[in-house]
Every structure is written in C-alpha cells, then in structure tokens.
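Structures incoming, each one as structure tokens.
Note that chain A is present in both complexes that follow, paired respectively with chain B and with chain C.
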Partner chain A sequence: MRALLLGFFMLLMSPGLEASEWIWKRSRILEADLARALALPREDLCHELGLYSCFTGVHLFALGGNDAVGRSQYTPLEQPTQLSAIAVERVVSQACLQRIALDAETSAPVVFTSLKLQQTIAEQSETAVRAQIRSLSQRFLQRDPRAEEEQLLLHLADPQRFGALPARDLAHGLCLAFGSQLEFLFF
Partner chain B sequence: MRLHRRHLLQSSLLWPLSSLSAKRALGMSAITEERPEKLLIVLAAGGGASLVDSFLPVVAQSDNRDIRSYSEAMIDTVPGIQLQTLKSLPYTVGKPTNTSYTMASFLQRHGQDLAVLTQTCSSVNHLIGSQRSLNGNGINKGRTLMEAVAAAYGQQCLLANVNMATGGYALHGTDSTLPRTAKAEVVADALLFPLGLHRDLKIEGRADSKLLAEARAVRDALDQKSPLGGEASRSALIREFLTLRQQIPRLEAAQVMESLMFFDQARQQGGRDDRFADSSLLQKVRERFPHYASDPLEAQAALSFLLLRYGLSTAVTLGLDDQVRFQDGAQDKELLHLPLAFDWSHNAHQGAQNTMWRRLLSVLDRLIQLLKEEDYLGTAAHGKIWERSLLYIATEFGRDREPTQGSGHNLNNGHVLLSPLLKGNRVYGGVDPRTGMTFGYDPRTGLADPGRQMQEADTYSAILGALGIRFAGQTDCSGLWRA
Partner chain C sequence: MGPIPLSLSHRKASFFSRLSLGIFMLFGASPELWAIPANTRLFCESYPATALCRNGATSCQSCHTAAPELNSFGGDLQQSLRRYADYDRSPAAFQKYLGSALKAIEGKDSDGDTFGNRQEIDAGTAPGDPYQYPGAAGRLVYDNERAWRRIHLLFCGESPDLEATREQQARSPQEQKAALHQALDACLQSEFWQKQALPHLADEKIRPVKAVGIEGDPFVIGDFYYDYRLFSYVLSADRDMRELLTAQYHIDAQGQRVEGPIPDTPIKGKIVVGDGQPLAVERRYGMITTQWFLSSNTMFAELPRNTASQAYRAYLGLDIAKSEGLYPVSNEPRDVDHKGVQAEACAFCHSTLDPLAYAFSPYLGLRSFGTRLPVGAYHPGRKQWEADGWLMGEPVLDLGDWVQKAVDSDAFKLQLTRMLMSYAIGHKPQSLQEQKDLARLWPTLPSLNFSAHRMLHALIDTLSFAGRD
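== the complex of A and B ==
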C-alpha cells in the first residue's frame, strides 16, 4: 500500500513530458500513420508526378529520413530543414487526394463517408460536415474535436465563400488541416 | 523617401531572384547594384579520385618499376597548358564503359583556370576522409566550406547551401554558431527537387487555392488552440518547425519551383501547366545535359547551374554515388557509372580511375561552359557567373602506388580546383617520379617545396581565401590567389 501511495505521489509530482522530448514524426512513421488514418496501403500514399515515391525518394531527407544503403547516410538529419514543412504538406495533400478519389468512385466510401463528394459544398448539410470533421479527428488524432475546433473547421464549408466549389475541395481542405497539424506531426 | 511595401520586398525578401521570369510577373525590376558574393561548387568524387591517375601522371622509368606508372605514349598534353593528363584507357567490366570524352579536352577548355594542389590527408576512412576534405579537419570551428561560403555570402539567399552528395560529403558541419540559413538543404533527387519548393503546384486534382489557404489558416489556429499548443511552444524543435513553416510563402512567391523545374513537361504524366512554360534557358540546360532524366550527375549539374544562375544559392555540392548504372550504347548497354565510383579502383586501378575521371570531367566541362556563357542573375553588369565561382573536386584520400591486395587507400594525394580567382594552369607542389608520392608547396609563394606535405587545413584555407573569406587560424595561401 505504501509503495502504491509512493508511486501515486511520484506520478503527481512528475513534470510530465519535457518540451525537449517532443519527437519529430519522421518519414517512415509519418507514412505509416498517414496510411492508417486514410486506410490506404503505404505504397499508394504519395507519388510525385504520379510516378516517384515521396517517402523513399523525392522528399526523403526533408521528411527526416535517411538512406543507408543507397547513399551511405547512416543517420537522419537532426532537425527539420527549410523544406520539411512543404514536404509534409505535399505528402499529406497527395495522400488525402488518393483517398478522396477512391471514395468518390465507390458507393461504399471508407473515410469520406459523410460528405457527398459528387456535389458542391453548398449542397452539404452542416450535420454532414460536422460528422466528417469528427470522423477525421478520430482518424488523425484519435480523439473527438473540441467545440471550438469544430467551429473553426466549419469555415471551410462557408457557403458564401466556398459554396460553389465541389465537395471534394472541402474534403481536401479538411484532410490537410488535420494531417498537417502539430498534434499529428509530433509525438 | 517613403518606403512602400514593394520596395521592401525588392530590398529584402526577394532580391536574390531579381532576374527570374517570376520576378517580372510580380512587376519587379532587375536590381543592378554591385553584387559581392562568390560562389562555391563542390564535386564530391567519392572513393578516392587519384591525382597520379589524372593530372599528375608518373611516367614509367627504370627507377620506378615498382610503382604504378604510365608509358610516355599514354601522357596527353595540350598546347599552352602546362599541366599534363592521360589518354583514354579502354576498360570493360563485362560491359564496355561509355565515354569517348578525353581528359585533354577538359584541359583544352579549362586548363587556364585549373590548379592542382597536392595534399596528404589525415584519414583513409571514407566517412572521416570525406568530412575532413570539406571541413579542413576542423580548422574553422567545424564549418564545412559550403557552410562558410553560405554564411559569408548567402544570408539573403532562399537556398544558400544545397547539397546533392552522399555519405560524409552530405553531413552538416559541427559549428553550433552557424546561421540556420547557411545549413545545407540535402537533396535526395536533383531532378525532382524543384517539386519540394511549393506546397501545391504539380499536384493533380488539388482543391481551389483560396480554400487551401483557408485550410492552412484554420490549421494554424488549431495549432494555437490545441491541448498540445502550450507544450509545443516550449519545444525548440517545434518552434523551429513553425518558423520554417512561416517562411514558405516567401519561397512560393518567388516562384522558385517554376524557375528550377528543368524536367521537361513532355516527359511528365498529367496535363500541361502554363506556369511551367519552357524558357530558352531551360531548353539550353536540357541540351547540355541530355541524359538528365537517367543520369543523376547530369541532373545535379543542371540544378546546380540554375541555383547559381538565379542567385538562389552560393554553395552547391554535387556528388557521385556508389550505384552501377548503364545506358544504351551504339550496339549494347554500356556502363555509365562504375559500382563504388572511384573506389572500384580496388579491382582494376588504372582503368577504373581513368573511366571515372572522364565521366566526371565530361559533366563538369559542360557545367563550366554554361557558367562561362551566362550572366550572373541574367544581368550583364554582374559579369559571367564563372567569374565569381570556384569549383573544388573533393575526394577522401589517394590510392596506393603499388599493388597491395588491400583497399588501396593512401593518405597521399591532392585536389583539383578550377577558378578564375586562382592562379591556374599550374601544379602547386609536385610528385616524386621515383615513389609516385606528391610533395607540397609554399602557400605564400606557390613555389614547390619537396620537403613539405600540405594538410586538409591548407586546402580549406586556399579555397576560402580565393573566395575572399578570412577566418582565425587560416593558412596564408596568397601565392595561389589571383589578385
């Protein structure tokens, strides 16, 4: 009992995760988490110009990866580079678009289940948009969105500004907003 | 005079791109003030590019039968050039090696700017040797040459230091005081590198740009409100990431991707995009490097030229890798690139060295020609790009002079430098014909000194000095610098 109390006391007193302990979700981990969030095979997530692998080729170093065999680079770069944030958004965008294209072509969508992807943004109900936001939040962050987060994301469905655009654009915007958040990119 | 927003942009954010077509699209005029910056090009000749197998050949004589040497008939010379080189050696590795290019043609075009600097390095380990060839064995607080140049001249450049090499040549230096802008952007694929310079372009089916801009604004607000937001703000790593993310619009506004995208649209999948309309300059680059899509070294040379031409970078590093490559020949597949690059020397020293030197010089020849032809920033008042450039062929170490059955690595060697900023067309130091070993020189006079061995720090000092950069502890190499 004493040991249990001591353990509880230490837990209360522990400083929690030190800021310096944040870890950059580098290439392979980002690839795996994106694949899981969007229910896509890793190899289908992102190819620049439709051909060239984003994760093992084009953006490998900007995403924090390294290539020991092909390029004798045994350790990854310590810090993000000038182009890391661009690389992240490109791979997230392209993975999102892969999923959107698949879901738009089927009667049984997997990720974008609430939006009617063949219609415009103006034709989406607020209930459907909120449901899609909650679903994406679970997929990317494993939690429900807070009310203020949901409210912010609803800006992307503003009928005055974006109503005439296809719902696929809304799907892309929501997906990018979740997939490029710090909460998804660091752990 | 009141400064308007446009003036501020011209004077600070975007001035390095003063001659881009994109700049014209933004309504910005060319800036013609004097430009002091110098440019460094490093070619990482991985595996031990040997000078006695290129520009310091040893002629076979009665008193040097035990060492690797060449017959008189193999020595090549060029009128008006004091340096010697070697004729082509026929060499096959199952398949014939490709190039008909001769080292003499390189001397003919660029011999006046070519200086051979002898050196005895401090390690025959590939990783350590490559790092020391770039950081002068730590003489300048651990800064690499490229970092030193980027720190001196690249503060305003969007991509001051771009590194396309591999292994130790692609590692950062160890000076913790180095400005962030001087750190190398390491490139995985030169051909496709421009795709990493914009968040949206060349992505098929992307959403409306205004909606994507709103999505990013929402994302930024979510980051602020996130339960992790407060914690994240205390993390240096995340602060760095956010700082870099805030700088993206500057890069995109400068239309860097459009200007550097030398990959011909006709070869790409997807529809034609008028933002990437061909310029005569891009066509010229592709003509000079016709194998850019299959040969990484040609792609690196093409990208290097464009980065320097537009003032985006002050230091670029190209590099050979270890991958064997083939190309279509007249009758059959030909070897374009030997496995292990210069390190294939383990197996057949003279043929491998000869093949790799000719491959490397063929690409460099075309790169230097472009730099000699084109104006810096596209403005005649700035002079030709080459006038402010120095090209350094870096390598880890030399090669044994006699067959050893071992790795063949040897500390004794030297480097090739090319620049109008150096007193070229000469060898600094020399080679003892009996042993095949190089000896040094007096760096203040440039005169040969058979009793002296030069070190990595001396070569490092000579390069930075020629580029007008001084640092504590620097060797005075004024005998090499052109006034």
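== the complex of A and C ==
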C-alpha cells in the first residue's frame, strides 16, 4: 500500500504531462522495457496464477494490445481505462518481485546491487539507498533522478518508520514507484 | 473427459450455423442507419463555408465520439432539439428543426475549451473536441529528445539505452537530426517493427478469424497469413504501397515472392475449403483478391457488397456505414440480387454500395455457383454485372479498373498516410497541428514513390510527432 501511494505521488510529480501530447506505452513495448529495466527474460516477467502470461494473455487488452488472430480483437483500446491502471500495477509489481527474489538469492545481484536484500531497512546506509534510486532511475527512465524525486523516495527508507521492515519491501517500493510513473508508462 | 468428437454432418452444421450467424450479423442486425447520411449534409447546409464540411457533408465526429455515442456538442444539440414540443426524432422533424437547434447553441462552449461553438465551426475546429480550438496549432516546438525516444519505442520496440541517449544529447542540433533518421532506418529493420508492429497495422484490414483460418478446426476457408505477409512486404524496404492493391504476386512463408496460382492443399484431419491462392496473375489485385479476403468477406453472397465495402473502408478510408464516401449513382440500386435494397431506408447508401460491388461479382466467395472452381477464383460465367461498376463517381469496367482508380485517388493517399501517422503519434490525427501535418503530407506521397519508409521519415520531422508546448 505504501508503495502504491508513493507510485501515485510520483505520477502527480511527473512534470508537464498533458494527455493529448503523450503516447501510451502499450503492451509489447511495456513488456520489452520492463524486461530490460529489470534484466529479466520477457517470458518470466509476469504470470497470473503462475500460469497465464500477463502481457500476451490475461492483461493484453487492458495494457493496450490486441490479439487479432486469436481473439478477433482487430483494434486495441484507444486510451487507457481504469482496468489499464490496475493491470499496469499488477505487471510492474510482479516483475519487480521476480527480480527482487532472484537478486536476493545470489551473491551477484543484477538490479538491486546497492541494497542488502537479506537485511532490514534500518541496516541500509543512505548512500546505498541513494545509489539504488539512481540506478533504478537510469534503468527505467534513462536519466538520473531529480533531487525532489530522490528526496521523496528516501522517505521509504525512513528508519524511524520503516526500519524494522525487510529491505525487500524497500526494493519493491522503489521499483514500483519508478515502474508505475507516467514518465515510464507514456512517452 | 476429452472433447466429444463431432460427426462430419454435425461439424458442417455447426460451421454453417456460424456462417449463417455471421451473415445475419452483417446484414440482418444492422442498426438503423438510414437517417445518418442526410444528417451530415444538413449540418453543412447551415454552415456551408466551414472546413468541417467536405463535398457538402461533415464527418460523424462533428457530433459523435463513435456513433451512436454523442460528443459534448452532439449532446447539446440533442438537448436543443428536444426543446421543440413536436420533435419526435424522425428524419422529418430532425430536418425541420436542425438549423434552429444549431443556432440556439452557437454561443455555447460545448467542449469547454473556452471557444464558442460558432467560433469553432467558423474556424473549422471541432466544437465537440477540447483538443481542437482556434489557434491551437503554432504553439509547439520540435523536441529532439522526444523524437529520439519515440523513434526507439515505436519502431524498435524499446527505450533507447542510456549511453546512446547521452551520446545523442551531446550532438549538435544538425547531428541530432541526422541521428534521428539513422535511428529510424535501423529500427525499421528491427524484428519488432517487421514482425510485430507492422503486421498489426493490417489487423483491421485483414480481419482474421482463427476458427476458420489455416489453424481452423475443422474448416479452413483461407490462409490469412498470406495477407499479413503481403502487407508487411509491401510496406517494407522502400517498396511502393500501391502494391497493396496492385500486387500480382504472393509472399510465401519463407518471405519469397510467388508468381501465379497456389493450389489448395489437403490438411489431414481438416476440411479444407481453401488454403491456397487460386487466381491467375492477370486477375490478382493485391490484398483485396486474396483467397481469405474473398472467402471471409463475400461468403455466400451473390453480390459481394461486404467485400467491396471492406476494400473501400480499409484502403480508401471510406466507411459507408458511417456515411463516408457516398457517391450515389443514378438508377441505383437496381437490387440485382433481390435483397430489398430499394427500400427507402436502404436505397441512399446502396446507390453507392451496389455499384461499388459490381466489379467484385465474378470473384467467388464460399459459394461456387454450380462450378468446381475453388474459393476465391474468378468465375467467367458471372460477369453479368462486372462492367456496371462505379467508384467515387466514376464508372469502372472491371476490378482492374477499380483498383487503378483507387490507387490514383486522393482517398488512397490520405488513408495510407493517416494509417502511418496514427501509429507514429499514437492516435488518429485530432488536433489542429495533426490535421495540418496530415493535410500537408498526404499529397507528397507520389513524390515519395508511395514508400512507407519515406513517409515515416517525413512524419518524424513533424511537430505532430515530436512537438512540445
């Protein structure tokens, strides 16, 4: 829930976004970008019930794709709907969890290289959190984080409030915040 | 328990009930469309000088989002009409009160963009679309960074990487511009563009149905992958997009050109009605004479109206169901196949549609008319209406003539440019800037040798593609 609220806050922060000016990053492109940002094979990104592909099956239409051959969907949605927002959150969240699980199990993490995922948030240094924020910004948005973004995200690592929680939760919150903001979802 | 096997007769029955349902859906279950063509003209009688009218008719979007849904202007107009006590929604009442109902809402700002409806109608901007308003164009500046990102995402299928983006940012504006076009060239060769994005542009034109395509079970009425391959081939490698309608070849599964007919091939366990390409070279006309196009659109019809209207809609951008491209022909419809199209509610549209379909009539759908010719073949015994055809106000001798007039038309250039632009900007052109860029670009298609690649290069230079406030 915290990560979700933060994600929405990040949406609001996205500067100068007017609906008519932006292009929706639809299913296949979102899948490719998410796979690249999290260094995961596309086919491992997200499955509902562990079985059904989120991008090519369950959420294809809500994410802006269409399956002309299989389901006779000849045109995709013109604009995102309420379901699109839910689907995006689910696929980003699942993909983040996949990456976190992989990085937590290895001595050579690929994406969450600055956080110590087996420890608590209180045990993370501010430098490490800042480095992780910077790395995720570059992976998702191909740019360094703005000062206000970094400052906002540091609240997620507040040792007074969240210190006892596992660092995996922090990783999830940061990942979801970047993967669900308008700048990543529209271009 | 596995699926219960059906006997052949059951399978046939099931197949034909599906087809019957399809035919009912196509011809029997249409909503009442008869008042619409007149309405689009009545609007223009009130505002003959507005750019919202072309050939004396406005588009459905002046009042609708997607008909029958009304936009904010259409909603206000509806309210305005209902103020008349004897307005009963009949065409006569509509005709009687439309002028005064329009006048009554001229001062209103239906779409809330701060410009009154009359101001917008005079300026040629849609009074029901907040993204269109007088003076909306001209505020944009071209943003190289946005263009860089969009080219990679739209044509390579992923964001540009960090290093490449930093290199781009370090270039001079002229170098950046050149790099944009180099990036587009590279992306147009990518697997994403060739195998995913490009074929999807054809979905609405081909309208595949898996249940009766090459993977169909038990019936196969055509292999629509031939259609997808031809579409992608013609829009690649600087080829001439007119070949969408003029190609006399096919593209096989290996991507090679095949000249001449391709025989149907039996598939074990399936009932193959057609999975080849039966037409002789001289009867072949690109996407609109593939076996799939003819079988799935014509089906059992004697006069292939659905085939003609789909060709008209897909390649000329004119949807008769939306009152577009109506060029009534005198003494039509003759109702050559006795379908009752001379009824008052039908005649207006069918006076364009039936003559549009005559040139397709010798091409077989699923009905063989007592011959052993395959699905999609040319039947020389069915030429009785072939030479009576019309396309956009001009007589046509046969389908070859139909196609030639089609590819020479402005509608064809506009439709292909609009298709590419809609992909490049993520939606159908709407804003004034987008309309302006579209109007400037489509007439240049001949000078670009009708090449999709060249048009895309022109598109990425527009403010519609990468303009920023």
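Rule of thumb we're sticking to: the second predicted complex is superposed on the first by the 167 of 187 C-alpha atoms of A that agree within 3 Å, B and C clash if a C-alpha of one lies under 4 Å from a C-alpha of the other, contacts with A are read in each partner's own complex, and residues count from 1 in each chain.
The definition used in the following text is that a residue touches a chain if its C-beta (ideal position, glycine included) is under 8 Å from a C-beta of that chain, and two chains touch if they have at least 3 such contacts.
Quick caveat, the model's predicted, so the values are computed rather than measured.
Enquirer: Please work out whether A:K116 is in contact with chain B alone, chain C alone, both, or neither, and reply first, second, both or neither.
Expert: After superposing on A, A:K116 lies clear of both chain B and chain C.
Enquirer: Contact-wise, after the overlay, does A:Q142 reach chain B, chain C, both or neither (first, second, both, neither)?
Expert: A:Q142 sits against chain C, while chain B stays out of touch.
Enquirer: Does chain B (first) or chain C (second) touch A:Y52, or do both, or does neither?
Expert: First partner only, chain B.
Enquirer: Touch check for A:R36: first (chain B), second (chain C), both, or neither?
Expert: Only chain C is touched by A:R36; chain B is not.
Enquirer: Have a look at where A:A68 lands relative to chain B and chain C in the superposition and call it first, second, both or neither.
Expert: second
Enquirer: Is A:D169 touching the first partner chain B, the second partner chain C, both, or neither of them?
Expert: First partner only, chain B.
Enquirer: Does chain A have more residues touched by chain B or by chain C?
Expert: The partner that reaches more residues of chain A in the superposed model: B.
Enquirer: Between chain B and chain C, whom does A:L156 touch in the aligned arrangement: first, second, both, or neither?
Expert: Once the two structures are laid over each other on A, A:L156 reaches chain B alone.
Enquirer: If we overlay the two complexes on their shared chain A, which of chain B and chain C does A:Q94 touch? Say first, second, both or neither.
Expert: The first partner, chain B, only.
Enquirer: Looking at A:W24 after the superposition, I want to know if it touches chain B, chain C, both of them or none. Which is it: first, second, both, neither?
Expert: A:W24 contacts both chain B and chain C.
Enquirer: For chain A, which residues lie in the overlap of the chain B contacts and the chain C contacts?
Expert: In chain A, positions 20, 22, 24, 70, 72, 78 sit in both the chain B and chain C interfaces.
Enquirer: Report the residues of chain A in contact with chain B in the complex, numbered from low to high.
Expert: 17, 19-20, 22, 24, 48-52, 57-62, 67, 70-73, 77-87, 89-90, 93-94, 97, 100-101, 146, 148-149, 152-153, 155-156, 161-162, 165, 168-170, 172-174, 176-177, 180-183, 185-186
Enquirer: Help me check something: in the complex, which residues belonging to chain A touch chain C?
Expert: 16, 18, 20-25, 28-29, 32-33, 36, 66, 68-70, 72, 74-75, 78, 138, 142-143, 187
Enquirer: Residue numbers of chain C touching chain A in their complex, please.
Expert: 131, 146, 149-150, 153-154, 157-162, 165, 192, 196-197, 200, 203-204, 206-210, 213, 224, 425-427, 430-431, 467-469
Enquirer: Spell out the residues on chain B that touch chain A in their complex, using ranges where they run on.
Expert: 126-127, 159, 166-168, 170, 172, 183, 185-189, 192-193, 195-200, 202-208, 210-212, 214-216, 218-219, 221-223, 225-229, 231-232, 234-238, 240-242, 244-245, 247-248, 251, 268-270, 321-323
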